[in-house]
Structure formats: structure tokens, C-alpha cells
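Below are the C-alpha cells for one structure; questions will follow.
Going in written order, the chains are labelled A, B, C and D, and every chain counts its residues from 1.
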Amino acid sequence: MPAELVLAIFLLPFFSFAIISFVLRPFFNHRPLLSGYVTIAAIGISLVLSIWALIEVSGAPHHILQMPDYEWVVIGDTVIRIGVTVDALAVVMLIVVTSVSLMVQIYSLGYMKGDGGFCRYFAFMSLFTGSMLGLVLADNLLFLFLFWEGVGLCSYLLIGFWFHKPEAARAAMKAFLVTRLGDFGFLAAILLLYAKTGTFDIGELQNLALTGAIGGTVLTWAAIGVFSGAAGKSAQFPLHTWLPDAMEGPTPVSALIHAATMVAAGVYLVARMFPVFASSTTAITTVAIIGGFTAIFAASMGLVMNDIKRVLAYSTISQLGYMMLGLGTVGVGISTGYISLEHGLALGVAVGIFHLFTHAFFKSLLFLGAGSVSHATGTFDMREMGGLRKAMPWTFFTFLIASLSLAGIWPLAGFWSKEGILAASFHYVPVLFYLAIITVFMTAFYIFRVIFLTFGGEYRGTDQGSHGLHESPVVMLVPMVILAILAVVAGLLPINEFLGGESHSFFGALSHPLAWVSLVWAGGGIFLAYAIYGAKWLSAASLRQRFAPIHTLFSRKYWFDELYENLFLMRLLVNGIFAALHWFDDHIIDGAVNGIAGGTVAVGTVVRRLETGQLQAYGLAIFVGILAIVACVFIFS
Amino acid sequence: MGVGLEHFLILSAVLFAIGLYGVLAKKNAVVILMSIEIMLSAVNIAMVAFSRYSQSITGQVFVIFIMVVAAAEAAVGLALIIAIYRRRKTVDAEKFDLMKW
Amino acid sequence: MGLDIAFWILAVVCVGAALAVVLLRNIFRAALFLVLCFFTVAGIYVALGADFLAGAQVLIYVGAIGVLIIFAIMLTRESRQGSPSGRLRLPALLIGLLFLVTMVFVVVGTDWSVVAEIPTEPTTSAIAQALFSGEEGFVLAFEIAAALILAAIIGAIVLVREK
Amino acid sequence: MSFPYLSTIIFLPVIGAIVIALLPWANPRRIKLTAAAFTAVSFVLSLALFVMFDRSLTSPQFVEQASWIPAINVQYFLGLDGLSLPLLLLTTLLGFIAVFVSWKIDIRAKEYFAWLLVLETGILGVFCSLDLVLFFIFWEVEIIPMYLLISIWGTGRKEYSAMKFVLYTLTGSAMMLAGILLLYFQAGTFNMVTLAGLGLDSILSSLMATAIFFLIFIGYAVKLPVFPFHTWLPDAHTDAPTAVSLILAGVLIKMGGYGMLRVCVSIFPETAQHYAPLLIALAVIGILYGAAVTLRQTDLKRLIAYSSISHMGFVLLGIFALSQVSMAGATLQMVSHGLVTGLLFAMVGLVYEKTHERSIPKLGGLARQMPIIAVVFSVAGLAALGLPSTSGFAAEFLIFLGSFNSTMVPGIQVYTIVGILGVVLGAGYILWMLKRVFYGAPKEQYDGVPDADRREKIYTFALVAVIMFIGIYPRILTDIIKLGIQPILGGFYG
């Protein structure tokens, strides 16, 4: 496959961005749909090229296509290169990004119809897709970081897409800043790794880590630094607070960026650098623990949210935690020697990325479904929905499939990928397995709570008359149906094997007791949700009352927003330390400057009294001076 | 001991010191001007003495220039005094403090 | 020897006249003593063999400046107030004496390389030579002095002119 | 001797100033066109030099050398190397753009544009001089027009700010002059190239070397500015007219960083190394302190001004990390900051011109009323916070990379990491400012406020394009900058 075509995969969307912003927006603003078509065309071609790359990679030795790279900056001995590489991991991500992005763009044609910022929307979406594809293809950390920040920027722009809403502007800023805090660690880690190895190249870094050329504390710190970047992007605890707020953006944005692709970039990064992580027990254990904890922690908050998108957001955080858990536990297995290095490296990546792969489809579908629902009802608040099953059968059906997939029901996609993670944690870090299995229960509960609240029962909204409950237009439904198909079959695609993981037969998976355990827990969750919200055997209100403290804890998100924003950011930093420094600057430093000036003037007002205006006094002074000089000459000669 | 260079120089110094005292101590601006003339004469004596004892005519040439300046100074200085007197009705140097602070 | 006697007489009269100028309270008398002082200075010039300068001294100082000063005294009508000393009398005295002591000290302490005396001759032509020769002479300064005098005259006229 | 390009570039603006002052035109438009023409020719010529520059020579090129004051061996000595070329280019570009930024000035336009052009000549001279006396004279030349521009055409406490600027700068210059003279009496020459090759560290006593180093350094530190000599900057930037803020932040303060590289580090490499930990600590304090105080500002222009202190901290860090990459990064950062902050000031000027308001709490939701300005402001802001694909990232990354890998200064890694925190804070103040000014609900009182007009669009877009281009392809400058760094490095490695 020619290198130009590989570059075209990520350059095409950039090109589309350029066309939209420099040609379509200024000159064809009256035909906004054009920008949608350009975006879709660009991403469609990227998808085709990605599939071609997939075919090429599966035939290539070691599943790697080597691509030429270019010198970005050369200063003395320091040569910074940029380039791309196509391997199994990258190509799987390419498929995910291009296909989900394509579906979302088509959906957006309907969803964003009539919005004043239609062109801008598609320009940003193109920019995002290009950056994300570049991130996936980058073969060195610096180049990756370039796109890493690029997707962050697009996320900022798209969360704040409706910038006239104060919450959106605020959420956008929050997202950027929290991820940037993580990126601080990432950048430091890049510098540290370069200082120790003299390269940014990921392949070389992997080899050096595996051969032990870098190790010990340096490696641990570097890995932790990289993980802090990944945690910021993937909204892992304690940097998770931005993602739920990011739901202020348009729903297709949430589907693409904040469910399927960008937030998964953190997981991708850990997978990319997996040999480095696996070489440090401390680092990989951190990944596993943070992942496992985030999974259950986020799920707990998802249980009680009333905003459908927020439930999905917490679900995303939780599922990303799963992916980290999968990577982490296999890594722990490697470093504790339960599993051979060679096998483990492939397995870890396969486990984590397989879930990323399936999750991308069903989670983006869930978001698109939520968008479709709000398109009809004009709200995201589930308390004002209900009974939409009849009005929106297609939406309901696809949403149900995605939910089942998320809950991990055999034989849908989520089952297969989640199974791998559960197995890994069961084998290598049993403690985290228990957390994970509880999370399975919670996942099933909250997603079916959504289904019962939204689609079951009777319509509770007030907006019906003006809006009219109706199914979404075909342009929105088609992508949903396609994604629904993928949410069913994605687990059966040989992605896992392609990445080097273990294969499962269709029914063979059910022969493992572990599968039944998770199915039982998931079923339990669904049943409980039915009991409370479907059949109303249990009253949600009385349950809420009984567990009031816990409910408050969950619904107030453990007070993390208050802790970070009010206490830490505003009280401690901006109005505390920074205010003190501001005062210091105005009064001490500038005070010293003005003080010197004022002192000079004060001395002047005193000393000027010597200037009496009396000519004779001056004359006297002159002769005193002459005598003094003469005296000096006598004394010193 | 015969009269030599030193004698003329000391005479010059004495005249200069007297003039200096007058310049610094007297209140009347005209007297101050007169004292300045004494100082200039003192300098002239020293110049001529040096000229005489070093066989160089330059000192005398300088004295001519000093005389020129002294004449000019006297003319301008007295004119100034008269101008000030017209304005302020006094020639008391201690009351001239326009340059104060 | 005649020179010595002349010097001592002239010096004593000159210093006495100068002291009278600064000490007398009658301003008109002070002016007259100044004229006397100028005369004795002219005498000292003669003693030093500077005949041209002595003449110039009499013409300029005694004639021009003396008259100018007396004019000024009359125009300012300050004579009845006399010539009192100001606040700075004592410091001035002190500084004057210190200055005198310093200069005498320097004059006495310095080894003047005095050339043996030569017979006195008329100096007028020598001065003229020095003043008007371009090479190593003072012709430029002479011209400037003329300009200075002119400026001073104009300045003086402007200053005292009635509005 | 070939065509005197450098003299032509340097003195064209001042000739323009004379032309403007002498021609009896009262029509401001003609004055502006004249100013634009002279600065444009200067810019085009410097672009030509950029093309003709021999990218294999580390020594100065386009040299013009003539004896000037033979008694003390002062020369009229101009030259251009990898260090000065980018800054020369930046100055002529911003000088050209400054004329357009000032287009709306009609009060005493003749004097204004004349002084603006004199200012440009002063700055250009500093970047091209290779003789310390010549350098110092150009350094001082710039102060006079700056004082007048701020105190006559400024806003707010303009007289105070102008005076503060002059006094601060003169204090620094006085020290620098003392240092230059000391240097002359020790070394017997003002020629910078010769001085750099003498190895004065080992010839002079360490006390003398330190004294000269710091006397000269303080002159530059005031200009850069380095914490704690910075308080003139916010006042001067805030109260100056827009174009002058642009020149001030864009190129004038770069003279400080340039001087440090050209004089302090080049002539006294060992002394620089000895005191590097101290100076780097100051740099890191400046980065964090500047950013922290920036976060507290409520005046839009003052906020941008304070951010310069933080950004110049990066320059100081890069210079005294004393590695090739870090110094190249510092130079690139100077260029980048010049473009980015220049653009930011231009944008603040536009916002102020249209809304007559600079207080951040009173602004808000402007993205609706002035979309173009909002977009360009955002791009400039993102470049200021170091987003990849803008010049800010390339520069800051090189500084961090070079500093972190520097072997010259012990403990530099820790300083670098702490310095990177400044980038996080930078994102904080930029985004927060953008949010408060442009986002949120549109305010009624700004309805009907015009957006950027065509001329404004052209120059802001041009700056954006340059910023992005350098960010994506930094080699266009780094390949030149490294030639300028090479001789400095000789003082350390061989």
C-alpha cells in the first residue's frame, strides 16, 4: 500500500476541514448541506482506505507496514522525526474511528439540520476525525502528542459548540483544563523518556523497555506520566469530572468524541505503550487499580442520574475503566509471572482494545439513540420521557440492542469483550475481579433503568402538543441500524485473534463458568431495574428514601466537582494563593518600585531647601568646594 | 632680599582674598561688583608677574583679554543691577532669591 | 633698589585701598578707594615693566569702569543706606583667610623656575605682535573679544532701556 | 563591498519618518500610506535577506564594517546571523503590520507615524549591531519614541506608565553601559564577534567577569522582563496604544532575550553556566508567578500583558539551560511570542475599539456579535497556550526538550517539570478569558457592534497563517536559528 494513501487516511479529513472553512463557509454558506457531504465523502474514503490497510496488514509479516518518516526539526544531534506506522492495533483503531465517525456524520445531517453553525459543526468534526486518525497512526510520542492535543482542541470546540450557553462554555473549558492537567504528566514523561533513550519512537521505546535498557524508577515515573495523560483523556479517576459535563455538546459529538473515539485514546495510548507499562509492576498495578476503581465508581454515579446523557457518560467512564482494567490486569499477570511476556503483551492489548472496539459501536449507538429521543421530546431529562417505545420503535429497538450489548448479554458484542476482561482480572488480580463483577450488575441495572424510564410506561412530558412525538428521520435511523448490526456482530469478528488474543467459539464461550457468573449478575441487574422501574414492584421513591445518604453521595458525584472547582481551584488557588501573589505584585514589588520613586521625591523636597537662591551662599559653597579639593590634593599627595 | 615673583604673587593673593571677602560678605550689589573688579585685578597682577619673570608676552596678552571681559562684565553687571533696582527698588543681594528651590 | 621701595609703597597703598573698598560703610568713598586701588595696580604694572598695560589699566579701569560704577551708585540711590555686611560676614571672612593662607602656602612652597631678570623694554610692539599674528597668535581671540564687547554693549543697552 | 542591505533596512523607516515629518501633508491617509510604503520595503528587503541567507555559515553575513570613532576603536559594524535574522524578519513584519493596526489613529497622525517609524529603526538596529557601542546607541534610541507614543497616544495612566517605562529601562541601560565600559577597559574592544572569541572568563578574575556579566544582564533582565524587574511591563503594555503594545510585546522585549544570548552567554559562557541555576530559578518563578497573577487580571489588555511575563520566563529558561536545543527553542519562542502576543494585542485593540470596553466582567458573549474577531482571538489564544500546530507549541516543546536534556545545569529536570506546570496555568487563563469575553449569553448592549473590517481581517489572518506555518513546519526557522546558536555553543563544548 503506497505511503501516500496511508497519509491520506488522516489528511483527507483535514482537507475537508480546510475546504469547509476556507471555501464553503465563506462562499457557499447558503448551501450548508454541502459541508456535510464533503465531510462524509472524506471520511468515507478514509474508511475505504482503512479497510484496504487492514487487508494489507493482515497479510504483512508481524502485521506491521513500515512507512517512511520525515524530519520535523533538526538541531545538532537532536533530530525530531514524525512519521506513521500501520500495525494491527492502529488498523483496528482506524476502522473504529472511520466507521463510527462516518455513521455519526450521516446521523448529524439529520440531527443538526437547521442549526446556525452547521458548517462550523462539520468543519470541527472533520478536524476531529483527522486528528484522531493521526493520533492512531503516529509512530512516535511527539507526533502522537500533537494529535493528542488536537483532539483535545476539537473536543473543546465541540463541547462549546453552543457557546452562547454558559454551561457549554464552562464545560468546554473544564474539559480542556482537566485533560491538560493529565497532559502535563504525559509531556513530562515524553521528556523523561527522551532524556533516557534519545528517541520518541514508540517501537524503539517498546524494545528498550523489553530489553531492560530503561527500567527502574525512570520507567515507572515515565509510565505513570503517560498514564496520567491517558487518565485525563479517558476520564479515569481522579480526572473524570469533565466527561459528564462534556454532555453539553451536541449529542452526535458525545457519541463520536466522548464515547467512541477520543476518550478511548487514553486506552489506546496505554495499549500502544503496553510493553513499557508491563515492564514496571508499580505502573501497571496503578493502571489496573485505577481502571477497576473507576469502573465501579463511575457506575455508582450512573445509577442515580436523571439526565439520559449523563447516565451514558458515567457508563462510558465506567467502561473505559474496564478497558484499563483489562490492560492492567494482564500486565500485572506479566509482571508477576503468571503469563509469559510474549503471550501476555499480545493478550493485554487484545483484551483492552477488543472492548474498546465493541464499546465504540454500542456506546455511540446509545448516544445516537439518546439524541434521537431528545430530537423527539426536546429534553434529556428521563423524568419527562416514558412510553416512547410506541412512538419511536426503531430507536427503541436499536437502543435495546445496544443496552443488551453493554450489559454483556450473550451473544452480543459486549459479552465477548467484557468476558475477556473479567477472565483476565479473575486470573491475575482476583480482588479487582470482584469489583468488576459488581460493576457488571450495576451496568445492567442503570442501562435498563434508562430503558424502562425512557421507553416503558406512559409519556410524562409536557412538550407533546407542540412538538409531537415522532420517529426520527431516515437519515438518522440508517446509521443507528448499521451500528446496531455492528453492536451485535462486532464481538464475532476476529478482532481479538487479529490482535493476538485468544479466540472463542460461538457456543464454547458458554462452557466457561465465568461466563455464567457474569450473565447471572447482568441478568440480576436487568431484573432489578424491571422490578423497580418496569413493573414497579418496588418503589423507587421509598428506596431512595431508605438509602438517602448513599443516594445523595452518588447524585452529588461524591462532591468531586465542589472539591475541585470550589475548594481547590477557586478557594485555594485563584482566590487564595494567586490572590496573595497578585497582592504581592501590586503592593510589594510594584510598591518597592513606586517606593523608590516616592523616596527619591521625598529626599528631593528636603534637599532642595539648600537651594536658597542666595547667590552669595552659592559662592561660599563654591569656595568651600575649592578648598576641599585643595585639601584633598595635599592630603593624598 | 629683593622683591621677587613671590612678592607679587602674595600681593595678588591678598587682593584676591579681600575681593573674595567683599563678594561674599557685602549686601550691596554694586559693592559686590566692585569686589569682583578687585579680584580680577589681583589675577591680572599675577599674570603680569608671571609674564615678567618667565619672559613670555602671553601673560600680558591674557591680561588684555581679561580687561576686555572685565569691562564687558562691568557694563552688563551694572546694567543688570539697574534693571533689578527698577523692578524691585533694592540692590540688596540677600533679597534676590528668584532661584530659590 | 628703587624698584623694591616702589613695590612696597604701592603694595601697601593698594591693599589698604582694597580693604577700604570692602570695609567702608560709605559706598561713595568705597568707590573712590577702588579708583585709588586701580591706580596703584597700574603702578605695579609699571614696576613689572608692563608699560602698555599700565596705560590700559588707567584708561579702562580708572576711566571707564570707575565712572560706570559711580554712575551706578548714583542711579540706584543706595548710597544713604551705605554698604552694610550681610549674614555671611563671618563665614566669608573665614573662607577668605583660609584661601589666603592656602595661596600663600602654595606660593611660598613652590619652586618657581625664575629666569634671570632682563632689562625692561617697551612691550607695546611685542603685545601687538602676539595679538595680531595669525600663527601662534591670538588674532581669533581678539576678534571674538571684539564681538563680546559688542554683545555686552547691546546687552547693557537692552537691559537698562526704559520700557 | 556589496549592497548595504542591513543599513538600508534599518534606516528606511527613519527616512520614512523624516519624509512624513517634513512633507506638508495634513491628510492622515497619505501619511499612513507613506508609513506603510517604507515599512513594506523594509519588510520585503528582509524577506529577500531571508531567502539569500547562506544556510551553511555560522558567522555573520551581509556584514558592513567601517571605522566610526577610531580613538576608542568603535566601529559601525552590522551583520546578520542565525540568531538575528528571525528577529529582524519579525520586527519588519510587525512594524509593517503596526502601521495597519494604527490605521484608525487620526490625532496628530503625522507625529505618531513618524515616531512609530523611528521606533522601528531603533529595534532593527539592536538586532543587527555587532559593535557594543552601536548596539547601545540603538538600544537607547528606541526609548524616546516609546515614551512619546505611550504618553501622548496612550490611555489610562499613560504619563505614569510612560515615565515608569523610561525610568526602568534607563536604570537597566545605565548598568548595561557600565558593564560595556568595564568590558572595554578589560578587553580593549567593542566588537562582539571578537569578544565572544576571547574566552574572557578565564582571562579576567572571576569577580570582574561576574560583575560585568550581571551589570549587562540586568539591562536585559529589565527589558525581557525577568521577575522581579517586571512591573513596568503591565503598565506600559496596558496604557500604550494598540500598535505600540504590539511592538512592545512583539519585538521590544525580545531585545532582552536577544541580548542575553548575544552578549551575556556568548562572551561569558562559564560565568553563565556558574549562575545558571539562579537564573533558571528566576525563570521558573517568573513562569509560575506570571501565570498566577495573570489569572487574577480583570482588564483584558493587562491580562495579555501579564501573560508575557510568564512566556518570557520560558525564554529565560531556554537560554540558561545552555543546550543547543533549548537556546534554539528560546529564540523560536521569542519569534513565536512576538507573533502570537502581537496578534493578541491587535485583537484586544479591535475588541476595545468596537466595544469601548476592556474590563472582562463587563464583556461577554461577544462571539455572536463579532465572530471573526472571536475566531482569530481564539486561535491566538490557543497559540499562546501552546497548542500543537501553532508556533507556541514548537517553541515551548523545544525549550522543554532542550532544558530537560541539558547537561550543563544540575537539577534542571526538576525546574523544567515545574516550568511545564506554567503551560497548564497558561491554558487556564487563556481559556477562562475566552470564555468570559466571547462565550456565554450575548449581551444586548453590544448588539450591532461591528465585526472586523476587511483591512483588519487581512492582517490578522496573515499573522494567523504565519503562526500556523511555523507551528507545522518549524524547520523554516530552526534551521537558521541553529546556525546562530552554534558559535555560542562553542564556548561550552569546544
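Basically, a contact is a pair of C-beta atoms (placed from the backbone, for glycine too) under 8 Å apart; a residue touches a chain by one contact, two chains touch by 3 or more.
If you're wondering where the values come from, they're calculated on a predicted model, not measured in any experiment.
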Selected pair, greater C-beta contact count between A-D and B-C: B-C
Length of the line joining the C-alpha centres of chain B and chain C, rounded to whole Å: 7
Computed distance of Cα centres, chain D from chain C, in Å: 65
Approximate Å spacing (C-alpha centroids) for the pair chain A, chain D: 37
Averaged-CA centre spacing for the pair chain C and chain A, given as whole angstrom: 100
Interface hub residues of chain B, defined as touching at least two other chains: 20, 23-25, 93-94
Contacts with 2+ other chains: residues of chain D: none
Multi-partner residues of chain C (each touching 2 or more other chains): 86, 88, 91-92, 95, 99
Pairs of chains, among all present, that meet the touch criterion: A-B, A-C, A-D, B-C
Chain D - residues contacting chain A, complex: 164, 167-168, 228, 230-232, 289, 292-293, 295-296, 324-325, 328, 365, 367-368, 382, 387-389, 393-394, 397-398, 400-402, 404-405, 413, 416-417, 420-421, 423-424, 427-428, 431-432, 434-435, 438-442, 474-475, 478-479, 481-482, 485, 489
Chain A partner contacts - residues on chain B that touch it in the complex: 20, 23-25, 32, 93-94, 96-101
Touch list for chain A against partner chain B, complex: 608-609, 611-616, 619-620, 623
Partner chain C, residues of chain A touching it in the complex: 616-617, 620, 623-624, 626-627, 630
Sites on chain B touched by chain C in the complex: 2-11, 13-28, 30-31, 33-35, 37-38, 41, 44-45, 48-49, 51-55, 57-58, 60-61, 63-65, 67-76, 78-83, 85, 90-91, 93-94
